[in-house]
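These are the structures, in structure tokens.
Note that chain A is present in both complexes that follow, paired respectively with chain B and with chain C.
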Partner chain A sequence: MPLGVMEMELFFQQIVNGLVLGSIYSLVALGITLIYGIMQLPNFAHGHLYMLGAYLTLWMMTIYGFRYWTAILVSVAALFLIGMLLERLVFRPLHNAPHINSMIAAVGVMLFLEAVARKLWGSDYRRLDSPYGEVISVFGVTITQQRVIIIVAAIILMIGLNLFLKRTVIGSTIEAMAQNREGAFLVGIDANKVSLLTFGIAAGLAAAAASLAAPINLVYPSMGAMVNLKAFVIIVLGGMGSIPGAVIGGYILGLAESISGTYINSEYKDLVAFVILILILTVKPTGLFAKEAR
Partner chain B sequence: MRRHAAFNRASKLAVPVLLLLAAAIPWLTSNPYYLDIVVKVFIWTIVVNGMNIIAGYTGQLSLAHAGFFGIGAYTFGLLMTKAAMPFLPSLVIAVLVTGLVGSVAGMISLRLKGHYFAIFSLCVGVVLLLVIEKWESLTEGVRGLLGIPIPKIGSFEFASMTSQYYLMLFFLVLTMFVNHRIIHSLVGRTFIAIRHSEELAEALGINVMRNKIIAFVHSTVLAGLAGALYAGYIRFLGPDIASVEHSFDMLLYLLVGGIGTLWGPLVGTALVMILMQWLQSWQEYRMIIFGPVLVLLVLFLPYGIIGTLTRLMHKRRLGQPLTQKQAVERSVLHDQSLAGGGE
Partner chain C sequence: MLKLIDVSVKYGSYEALHSINLHLNEGELVVLLGANGAGKSTIFRTISGLLQPSTGHIHFMGQSIGGWSPDRIVKAGIAQCPEGRKLFLDMSVLKNLILGGYVHRKDKAGTARMLKQIFELFPILYDKKDQAAGSLSGGQQQMVAIARALMAKPKLLLLDEPSVGLAPLVVEQMFETIAEINRNGTSVLLAEQNAYAALQIAHRGYLIENGRLVLEGSSSKLRNNEEVKRAYIGA
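On to the complex of A and B.
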């Protein structure tokens, strides 16, 4: 095989891997940006909701013998409830307190969730075996079914979220509140219900992302920390509260990581996100898709 | 009014009494375990004092401080081991290097405001951690930097627990004294003005950016100092000292003690660290209890211990004319929009 063709194949392979990574990042960043849009709260515990989602799916499959998709559904539903519970018990009472307090509360939630995971499931790295381990070949690019599923499922979820926000009454209350809080109150939108729902959806998205990603990664109690940080990088670049910013930013970061991991140095792969952030904000302090002037 | 005067006299006495007490601790207990905890409390209080200046007084929530602690610790450790430099020059250079990195990081990151600054600084912290962890040829990476020599000034070795204790006590007192002077100076009031409103401060003719950078550099210098002292005390370094969790820990100490108060860092650090030691035997249940306690704390004691106490005292003294110093303190307390406030 000529060298050029191999180079191209390697390149496309990395594009696909980047899309897989980007799908996960986008789903997590979407949740954070939704919460920020409604509550102006950077939810540092979001990565740990992601971790919880992965463990619940793993748990449902190993202990109750659920099938992969059923397990994911249960996990998403459970995280939806947990998200709402967190909003009600922790973040709603803090809404009028100084912002630093809700950040600290998020740290408290984070410590708690990680400790619970260690207690319940131990600190070992675990595998989640998906039924879609087969390798398929598309235009010379070999890819496991699971990766295709991640890419497709993420797109479906994003389209579904978009339809929900734009086409349903309850979804448009979320959009309305993100756009203008006072205006939303004036037309009679119940802020508490909207925040409750937003937290639920965001946590559910995190669970879906984690369950989809778990078969190609490992499951362990601190697995959410790095994903969380990167999702924050994405939403700072994409504009906090901006939905398109989170999606596009997620894919950009996924691709940048996968390509630089191959062509530059895989040791420093995790650094890419943060270096990109620092470079862009040095040149353009308002981020790429700033929703408002800072 | 008389009670007020009596209170003032009492508070004037409080500092010398506390100093005497602190100086006497090694005589009161010879248990190295207790001394070890107190030494660590002192080291962390120094960083938290730094964080207090930038987050508490200037209102810019920096989450990069574990990274700067790491820079201070590693610069000191590398100078002592690989360059075989003596203790004091290593300490000074470590502090200067941290301040230099801090000023560059500050110039870039302080252009952002509110949550954006908080998250950006968090990312700066991660970059510093990853550089320390991955630059194996210099820092030995995850294997850790071993064999840092015992700190020595002249022919005196800080080998014993007691001597280390006094070394840390000296730097802690120095830090708190400097912070005290800053807070009650024009610079300190400028910081507070910036926290209240950057626009308003700008309109008053304050160079907001320059003052924010001064506050940030001061806080990173303290982080570097604490890091270097830590390296000289533990004499072994792993990259995890620069991990983001430590920034969160510092924030926690600060919030428990009272953000934007002079004594908050000491009280918060001491209380939380001692509580953690006390819960040590609970192992994995520790954080299961501690997480919710933290949440309850911000829900019901949002100004921390010192903050809440001073608020209560001010309430009781309400109606009496304030001295200028008290007016400054009150304006500190009445500010709701602490660090990370709205845009």
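On to the complex of A and C.
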């Protein structure tokens, strides 16, 4: 095979890998940005909800023998409830307190969830065996079925979320509150209900992302920290509270990591996020899709 | 219908309203006159539940609504077109209106009827219904804000300076529309600096200065009051 073709194939392979990574990042960042949009709360515990989602899926499969998709559904539903519980028990009581209190509470939740995971599942690194391990090859690019599933499922989830936000009245209340908080109150939207729903959806998305990624990554109690850091880089990159920003930012980071990992040095892969962070903070601190200040 | 009894409101330690006593009877159009910073918006925000009174009571249709959340107050029948409009700028005009009817969301037919009425009242909004609210001119956005409040089918409509920033001709139309809304059975509390136009359509009025109500009376009484004339009508 001529060198040029091989290089092209390697390049496309990295694009595909980048899309897989980006799909996961986007789903996590979407949740953070939704919560930020309506509550101006940077939910530092989000990565740990992601971790919890991965463990629940793993648990359902290994202990209860659930099939992969059933396990994911249970995990997403459980995280939806846990997200709402967090809002109700931790963040709502702090709503009128200074902002810093909620941030500290989020850090507290993070430590708590990690401790719970260690207690329940130990500190070992685990792997979730996907029923979709088969490798397929398209135009010289090889990809496991699981990775195809990640890309496709993420797109379906994003389209679904978009339809929910744009086409349903309940979904619109989330957007309304993000666009004009007082305006939302004045049309009779119940802020508490919207916050509850948003937390549920965000946590559910994190669980979906984690369950999709579990077969290609390892599952361990502190796995949430790195995902969280990257998701925050993404929403700073995309613009705090911006939904398209979270999606596009997620794919940008995924692709940047994958490509630099191949062409520069894979050991620096996790560094890419922070280089992007520094660049964006110097060049355009409001992010790519920042909303106009009003 | 609406009664404020000794209502005081604070921003932190600064008291913006001092012992306000104000009432509005069913079917009335009452105007609240006052200079910048007098406290008009503060009264409106307090009635809508965005601010809580530090002392005093607010009664609406026989219920004590002081301390209620804003959404509960909208459900009880008070809608506000606020200062600064507070529209959902990235959403279409139609969606802003539909969200205006949020408290009646289960009544699809009623919402459709209300939309039809709104478009008869503001034909221009029908032409612009699919455009983002933020892309409309200031006057058109003001119409969206009033229309959005009307979509809640309020028993009492609070209008905070609806004429601000509008061309004189549009202001005239706006006041005609407000009078018409009132004739159709909605009680209206209107904050205005445009005293001349407001007193022409109002039944009664209050004058507020530095967080205190200093004058109350029929429109003709206020129109002939020397202080009002000097400060707000420029005669």
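Heads up, the rule we're going with is that the second predicted complex is superposed on the first by the 291 of 294 C-alpha atoms of A that agree within 3 Å, B and C clash if a C-alpha of one lies under 4 Å from a C-alpha of the other, contacts with A are read in each partner's own complex, and residues count from 1 in each chain.
Please note the rule applied: contacts are C-beta pairs under 8 Å (C-beta built on N, C-alpha and C of every residue); 3 or more make two chains touch, one makes a residue touch a chain.
All values reported here derive from a predicted model rather than from experimental measurement.
Enquirer: Is A:V107 touching the first partner chain B, the second partner chain C, both, or neither of them?
Expert: first
Enquirer: Is A:V169 contacted by the first partner chain B, the second partner chain C, both or neither?
Expert: Only chain C is touched by A:V169; chain B is not.
Enquirer: Tell me which partner A:V138 touches in the superposition: chain B (first), chain C (second), both or neither.
Expert: So A:V138 meets neither chain B nor chain C here.
Enquirer: Examine A:F185 and indicate which partner it touches, taking first as chain B and second as chain C; both and neither are also allowed.
Expert: In the superposition, A:F185 contacts chain C only.
Enquirer: Could you say whether A:L218 touches chain B, chain C, both of them, or neither, answering first, second, both or neither?
Expert: It touches nothing on chain B or chain C.
Enquirer: Determine, for the superposed model, which of the two partners chain B and chain C contacts more residues of chain A.
Expert: Per-residue touch count on chain A favours B.
Enquirer: Could you say whether A:L10 touches chain B, chain C, both of them, or neither, answering first, second, both or neither?
Expert: It touches nothing on chain B or chain C.
Enquirer: Could you say whether A:L81 touches chain B, chain C, both of them, or neither, answering first, second, both or neither?
Expert: Neither partner.
Enquirer: Chain A residues touched by both chain B and chain C?
Expert: Common to the two interfaces on chain A: residues 294.
Enquirer: Sort out for me which residues of chain A touch chain C in the complex.
Expert: 169, 172-173, 175-176, 179-180, 182-191, 294
Enquirer: Which residues of chain C touch chain A in the complex?
Expert: Of all residues in chain C, those touching chain A are 48-50, 69-71, 74-75, 79-80, 82, 85-91, 95, 98-100, 102-103, 105, 148-149, 151-152.
Enquirer: Can you name the residues of chain A that touch chain B in the complex?
Expert: Where chain A meets chain B, its residues are 36, 40, 42, 44, 90, 93-94, 97-105, 107-116, 118-119, 225, 229, 232-233, 236, 240, 267-268, 270-271, 273-275, 277-278, 281-282, 285, 287, 292, 294.
Enquirer: Per the contact definition, I'd like the list of chain B residues that touch chain A in the complex.
Expert: Within the complex, chain B contacts chain A at residues 55, 61, 108-109, 111-116, 118-120, 122-124, 126-127, 130-131, 134, 244, 248, 251-252, 255, 259, 284-288, 290-295, 298-299, 302, 336-343.
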